[in-house]
Every structure is written in structure tokens, then in C-alpha cells.
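Handing you this structure, nothing more for now.
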Amino acid sequence: MLTADDIMEIHQVLNRYHHLVDNHDWNALGQIFSEDAVYDLSYRGHEPVEGLDAIASLMARSLETEFNTQTGQHGTNIFVFEDSDGTVRSEAKTLTILADGRALSADYHDILTRTESGWRICRRTPSSRDPSAASWTKLSPSS
Amino acid sequence: MLTADDIMEIHQVLNRYHHLVDNHDWNALGQIFSEDAVYDLSYRGHEPVEGLDAIASLMARSLETEFNTQTGQHGTNIFVFEDSDGTVRSEAKTLTILADGRALSADYHDILTRTESGWRICRRTPSSRDPSAASWTKLSPSS
Amino acid sequence: MLTADDIMEIHQVLNRYHHLVDNHDWNALGQIFSEDAVYDLSYRGHEPVEGLDAIASLMARSLETEFNTQTGQHGTNIFVFEDSDGTVRSEAKTLTILADGRALSADYHDILTRTESGWRICRRTPSSRDPSAASWTKLSPSS
């Protein structure tokens, strides 16, 4: 049973995520994701990646290529809930701001897990209703 | 007297709202609004509508007409407070993102009520400082 | 030791801030900042200002000059933490929306203090990764 304290802790984790990305603070990704977390960008034609190193690598490449004009990534609309089988999920939204002032809207569908260090994302699956999202430059497959 | 738990529950309701709108999940509107809730878009020349069906209808039409290029609606800045007469209010903000990357800023002035199912919005009155807001295509009056 | 209730109260303060700014509600700034708070816009070439009157003056001028087309300022990504020496900090983000739909991304690095009236910001230091931020019209030095 989720308490308000759990939800606040999950807010802290999800809100902190964008600070880490914007600061390229890959060493701190373990504060956000579990060790074996999966980041599933299949909506943009990628194979899901697993583990903190692979997630850091995917994000670093993304910021060097298709999002190289990104000035900030913002998170909004955290809604945390529990499935009948006890799976803890969050639906949230994100805005990627580009240097020309454009905002790109996407959604994060997360599964959370309670670790010894606190709540962590164990699976993130973004999606977007932006018609241009499908044609954003594809990242090369992670090696 | 509002507790931090009440405020977190209200965050959950207000944050969830935009997910429902973006997913056209009108059947779930009762998780957000009370049965007799009033949605007052009078700042754009509409009569206020009352009840879940009328609110769903207003939103569905809005997404088909003036906001038909909307890629996401994001909520921010939830501030919950209690009037001296016990009325619970929230001031919040929203960003509507269009397919060309433009962001439209508006405010939500809400009154909340505690129902048997939890906190719900019983009156929402949006406003905007966007000079173009007044000229956004008017919706036809709800029937 | 910060509790979830403390963090929620800090959310309330930080989220309320943008409502005050957008409403030019300078008389309420004492609900956000401590009496001797410092607002440090040195990233844009300004001397830090101290005290509620000086902060109100800086903001009012900013909205009359460089941000005179601002339609709303939105806050996101509040992450509250405590240093080993007990200093309470928040990392947060802000989006300034202009009348043409552009969004400008910036970060707020805050120090919080617990006063008799509740949590207040005692030092705010904004920064931005927006390449145009450095060339935004400089405000004249506060007198």
C-alpha cells in the first residue's frame, strides 16, 4: 500500500532525473534507476537498453546528436498508482526545450521498485503524440 | 485543516487530469471531477458547463477543433490552500504544447471537494495572460 | 532531518512563487522569501539583491523590460535535499513562456530556511543553459 511519503519520495526521484540529464551527471544515475533498469525507447525504433551504463550511454549519445540544441528537459504531471498485483507505476510527462524555444512533449510510463536505497525506476518506456517524434534522428543501436 | 497527505492526494488528481485529456480517457473523468463539477471557460466566451458528460463533451470538441494540433497538455505549479470559510482551493498552471512546438500558458483556478472516493475538483475556472487566447477559435456552445 | 511534510511545504512555497510573479503580487513575496533573502542573478551580469523590496523591484523591472511579452512562468522539477552540514537546498527548473509561444528554460538553485512562518527561500541563484540567455537585455543595476 503506497503512502503519501512513498509518492513524495517517487516525486523526488523523478524530478531529480531531469537535473541529472541536463548536468550530464551520469555517475548519479543509480539514484534514479535500479541497477538492472530497462530504458525502452522502442517508440523511436531502438532496442531497449538495460543497466545503468547502457542507459547513460544512450542518453549521452542522444544529447550529442538529435538533442544537441536542448537547453533543458522538464518533468511534469507525476501520477503514481499501484496495480492490483502490487506493481507500482507512474505516469508522467516531459518537455524537451530546444534552443529555438520549441517545446517537445512526451510521456514517461514508469515502473518503480523499492530498493534498499529507496524507490528507483526499474523500467521507463517513453512515448509521444508529437507527429515529428517518429522522424527525429534515430540513434545508432547501442553496442 | 489540510494535511500534507491531502495536498499530495490533490496533486495526484490534478496531475492525472492531463493524462486523461491527452488519452481522451473520458470514462475516467469521475476520478478527477465531482459528479456535479462545473467547468467554467467563460474567459473564452463560453457558458460554464456542469457534470461529467458535459465536461467530456467540451473537452472532446476542443481537441477536435482549436486544439487539434495539440501534442500534450502539461500541468505545473500546484498550490493548495484553504480559505477562512474552509473552502479548499488550488492555483495551478498549464502548458498546452502544439505540434509546431509553441507553448500556450494558462492558469487553473480550482475548488476542491472531499468526496467518498477522495478529493475531486468541483469547479475549474481557467484563465490566460496569453494575448492570443481571446482570439482562439471559439467552441460552439455546448448543447 | 527533512520529512515528506517539509518537502511538501517547500513544494507549496516554490510552486506559489510563479503565481505571485505572474500576478505581480509583490506584497505576498514574504510568503516565499525570508526577509533578508538574496536573489542572485549574477549569471546575467547583475549584482545580487537582498531583501523583499529589492527582489520585488528587480522582478517588476524585469517584467517591464526583457520579459514584457511573458505570458506565464512555470516551475517544474523540485528536488529537495539536505547537505551534510544541515543546509536545505532545492534544485528546480523554470520555463518562461513568451507571447510568440517560445519557452525559455532555466534552473533555480535555492537555499531554504525554516522561519517562524514556515519554510522560505533565503537564497535563489538562477542559471540557464539557453545560449541566448547571456544576451537577454541586461537590467539596469538596482538602486
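Order of writing sets the chain letters: A, B and C. Residues in each chain are counted from 1.
Following the convention adopted for this analysis, a residue touches a chain if its C-beta (ideal position, glycine included) is under 8 Å from a C-beta of that chain, and two chains touch if they have at least 3 such contacts.
Because the structure is predicted, anything quoted here is derived from the model rather than measured.
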| item | value |
| --- | --- |
| Copies subunit A and subunit B touch via same or different residues, half shared test | different |
| Equivalent-chain rotation between subunit C and subunit B, CA atoms, steps of 5 degrees | 120 |
| Separation of subunit A from subunit B, taking each centre as the mean of its C-alpha atoms, in whole Å | 26 |
| Where subunit A touches two or more other chains, by residue | 4, 8, 76, 95, 100-103 |
| Residue ranges of subunit C touching subunit A (in the complex, touch as defined) | 4, 7-8, 76-80, 91, 93, 95, 98, 100-107, 128-132 |
| Subunit A - residues contacting subunit C, complex | 4-5, 8-9, 11-12, 15-16, 18-19, 22, 71-72, 74-76, 95, 97, 99-103 |
